[in-house]
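Next, two complexes with subunit A in common: one pairs it with subunit B, the other with subunit C.
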Partner chain A sequence: MNPESASMARMSYREACRQAIRDALHADPRSFVMGEDVGKYGGCYAVTKGLLEEFGAQRIIDVPLAENGFTGIGVGAAVAGLRPIVEIMTCNFSLLALDQIMNNAATLSHMSGGQFAVPLVIRMATGAGRQLAAQHSHSLEGWYAHIPGLKVLAPATVEDARYMLAAALADPNPVLIFEHIVLYNTEEDLDAAVHAVDIAHAKVRRAGRDLSLITYGNSLPKCLRAADRLASDGLDAEVIDLRVLRPLDMTTVMESVARTHRAVIVDEGWKSGSLSAEIAARLAEDALYELDAPVRRICSREVPVPYAMHLEEATLPSVDAIVAAARDLVKPR
Partner chain B sequence: MTGKIHLDRSHLHEIYRQMQRIRRLEAKCVELYQMQKIRGFLHLYDGEESIAVGVMAALEPHDAVVATYREHGHALAHGVPMDTILAEMLGKVQGCCRGRGGSMHLFDGKRRFFGGNAIVGGGLPLAAGIAMADQRLRPGRVTACFFGEGAVGEGVFHETLNLAELWRLPVLFVCENNLYAMGVPLQDSEVETDIWRKARAYRMPAEQVDGMDPIQMQVAAERAVAHIRSGAGPYFLEARTYRFRAHSMFDTQAYRTRDEIDTWKSRDPIERLRTWMLANHQITLDEAEAIDAGVVDEIAAALAFAEAGTLEPLEDLERFALMDNVAQEVA
Partner chain C sequence: MPDFTMPALGADMETGTVVEWRVKPGETVRSGDVIAVVETHKGAIDVECFLEGVIDDLVPLGTELPVGAVLARIHSASEARRPPPAPSGAIRPKISPAARRAALERDLRLSDLHGSGPDGAITLADVQRRDHNATPTMASPTAQPASRQGFDTTPMRQAIAAAMGRSKREIPHYYLSSTIDFGPAQAWLESWNRTHEPIDRLLPAVLLLKATAMALVEVPQLNGFYENAAFRPSPAINPGWAVALRGGGLMAPAIHDANHRSLPELMVALRDLVQRARTGGLRGSELTDPTITVTSLGDRGAESVLGVIYPPQVAIVGFGRMVLRPWVVGDQVVPRSIVTATLAADHRVSDGHVGGQLLAAINAALQSPQAL
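Here is the complex of A and B:
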């Protein structure tokens, strides 16, 4: 076994993102990375470290702080035949590019009657947990999941971080990938037999009979920890990783709820108008008679995410809160 | 370049014909709007025809064009068929966007006409991106990007100009300065009212042109296109112009005077070209009338096509929201 393949076995989420980009750049000369500090600095979260040296300045392009401008250039480049991978440093900054994402990337195909595909990938960091305060910590993927014309991905495992990008680049639609900042340091063993993942389905990450924990992103490890604790109470929780936030794979969610008859949705976004609200509404519409208890939601508290550690922790979904909600749900009434 | 172009009769006639196609099609659009056959927003190009016609005369068919919501003229001058434009405005599936876009969103992928952008300034980075792809995949091509002077208030105008010059992208920026952003006069919204100077601040070659004269527009555009095709980067033209009609069909024009409108109308580019050609024996009255009659016939045929068009079936409403399983042809 050579050192390269030995290191393949265990990999960090950050390294998986980096290897995914390397693969993409090797596989397709039309692909390139464009973003703030992706080149000489190596990426704000060090995802693109070393890639400028490996691929050169035509493929790894540093841009000025002009999110709407460079994202729009990505849209045009995609429409005209390139395969841009745009990096937006953090999803709070993506609001400066929202015009181009929504009014052009998401709209051009339908508005033109199907004349243009927009095979654009936008990666951005999302989420809280590093004490980065209110302008670098928000989870806005739920907003983007509102917009027809986009696909929205939330890799929560190293495997998805490693292989979702290739699927996103092969997709004819604009695909947004939300990488959770807390997950970058996560390490997992990669299954050497897996070389690709789909971007169409949710996945059961832990099978269980008593209730469904429905989640994505950095709330996935929290749900898995909660499930372990619930198991010691004799409660068998199923954990569903949504993976794809738009279009939602409700089939997998419904099948799980049809087995467990109880659902807790865990979403780091704010509760009001959130992705968790969407899933709860769809369960109410299509699976009400499967439910033996009300749907519960664990979301972030409705404040701009604060800096101080104890305040930030209190703002975000916690394992304790998930466990408490689950216990409450199965309590005899 | 010294600004020499082929000013032969047939070219002059073609310039005249293109401007008449735009002017008269839009006059028909006003009628159709009053009959409520065209709905929504309708922005007319009356008075500004020289710009699209002059610039397109300097482009090749494989060059790309990005325009605004006031884009009927650009679409026509770049070769988008009049019948599909009119069918689009009537909301028919035979329209150039199957009736999904309407007046403000005309697209024609085959002819590299990329809209039809109704977010002011929104087309600029799109054009720069198309140019970036051309620079890598189809060197030698130019993307012409049209926008009004209102766009210079947007941050993305400055972001795009900076990046286009930084990366030497093959973009021809054409600012159609008609002096009012909807109803706000330029001097009430900008400190620097010579728009071309803003491009110079990004070290981009830039000049101001008489946007009421198609020949001067073409001469300037050819100079610009030669610069761009040489690989030297983008070029900026500020075309001084005036729209004769209201901003849209809902505009009472309280912000400008009748006298001002009349003064500009006395410089009507179509009337001026016609009068000049007649006086200089570049066209006979019979020839001019034959061109006009041809345009009238083309409009009648386009209208018949549009009226005979059908509505997109409702079951196709969500088609193309995603492009999964749609065969791709890169524009």
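Here is the complex of A and C:
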């Protein structure tokens, strides 16, 4: 543990990501960072700022705009025994690397009969809310959560941003970490007693008894705000942060729904064929007789995310929509 | 196939809620059967069906529906023998999976549950509420449903306001009054009651009711309905007997064919009607069939009453409290029981001359009580 970061109680999500990388680079000489503009520029979202100066060009490597190429290098390096941390600027660009991620990273262990592990970590920015328009704003983590052989993480709190990376690097499987672009500037107090988190469980971020808001990523703070507003109406909402999108921790979700009997899933992805659809389907399969109301989903409008601020806002899940859906389930008009 | 629709249980009813089905889909119903209990502003009313056949497609309980809405379909016997059609129009009651399981565990019938959830679905809370309310007697098939406990007087007040407001806006009332010597009737009543067991004894009200019914045989112009700008006389004489409810509010359900019933029969009918008006269990026809209203203020009332007609009826007869007054019999002043009979009638339908004939006929009938 780096004594400098331990002394800092309040931290931004961005700083938490940076400190997590610093920890990893200090802890394991096999680890290195590779990505577009991660070195001299300090990272598109300034996560790797200052790391080139601290760790040198051998471990903070700027690469050309060739996602499939440098992700493939990361796969090879991981198979060869290194611990690469690959940064892809936004998940929209990760589609160029989909061949390496899906056909190599996710399958090599299987294809080799377990002879190769692929301890690769790929970080990428996801989500909308900063007016970056239709080619930089999408939430594609649900697509990756479809692929067996990957682990998919979505840190929604500063603590998870701070400690998920270490757990991901310790995992022998390729792990994708989706950092939400709106969360980078959020600040939280870090619990000095916590030095690690698991990457296996969802977490109840707010306990409640009337309904379960099931969410992840930047929709978590929206759900917490919605829960506060519902509380003033006398509705007690439980908020579940999925944290790990693959494999899904349905045990925590089912336990919650078994208590509240109502579920609203909030997912910034598009609704059709989404992670929210998967959770709704599993509730229907495994928790039907716990449900006291239909499952509701609040997702992004099914359009490319618009540039104009008011249109972008109208596209994304809103606190108002979450509150309205929850009220309708518990106290229909 | 004919539809069984939400009846208009009075001119002031706009909507009703089916709170109980007395039949199951596929059962055969006959004209006059009570097949449903409908909650209205007048409380829970037993609704009869005047069709014959096999009933099907019952609407779910707890659905508030406008007058005229289809509550069920009634297939003629020949239709019913055919294979059932595809369930296109059938409405399946909505119940959440959790509520369904909870109802099963508690051995509750879904038809006893009222849905308060999204889309009117029965939720876990509805099951738990029902379970909480349930008492051991509720399980017996003869027990009264919970909805029978008392009336919500607020909607009844609103209904009375609507009906009486309409009456005073639309009906040009005229009023007549006549003081009647109740002495002969009183004497006859006393001698009757002396020779009968308490259960068979008669109240003055029953004489007033029968006298009014017999008077209407002579003066049929006041027995019927004003509809579509015309008077439609009723062949049957079904006086609606005004019953004050203990929690507030008022109803005037019909005593059917009062002119054809004996005094002891009327006494039984009256007692039963008042009881059911106060506790629930009135039949739909008792609310729709009154052809005139009779109101008797009883021992604690005022000396006379000038009533407001209940549309579409065209008259209301009122009897005040019996009072002992000096009365001239022959050439002597003697104490006699006196009752003031009044009539409020619709001037569009009748004139004071006709109204006067009715009061005179009531008076005459009460002077010969043995003929009643």
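Assume the second predicted complex is superposed on the first by the 324 of 333 C-alpha atoms of A that agree within 3 Å, B and C clash if a C-alpha of one lies under 4 Å from a C-alpha of the other, contacts with A are read in each partner's own complex, and residues count from 1 in each chain.
Note that contacts are C-beta pairs under 8 Å (C-beta built on N, C-alpha and C of every residue); 3 or more make two chains touch, one makes a residue touch a chain.
Since we're looking at a predicted model, the values are computed, not measured.
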Query raised in the report: Thinking of the overlay built on chain A, is A:68 touched by subunit B (first), by subunit C (second), by both, or by neither?
Result: first
Report task. Scan A:311 for contacts with subunit B and subunit C and give back first, second, both or neither. Result -> neither
**Report entry** More subunit A residues in contact - subunit B or subunit C
**Finding:** B
Report task. Considering only the touch criterion stated at the top, classify A:329 as touching first (subunit B), second (subunit C), both, or neither. Result -> second
Query - subunit C - residues contacting subunit A, complex - result: 96-101, 116-119, 121, 123-125
Query - Interfacial residue positions of subunit A with respect to subunit B in the complex - result: 30, 63-64, 66, 68-82, 84, 99-100, 103-104, 108-118, 148-149, 151, 171-173, 247
Query - subunit B to subunit A touching residues, read off their complex - result: 64, 95-101, 105, 107-109, 114-117, 119, 122, 124-134, 136-137, 155-156, 159-160, 162-163, 166, 319-324, 326, 328, 330-331
Query raised in the report: Which residues of subunit A touch subunit C in their complex?
Result: 261, 288-294, 328-329, 332
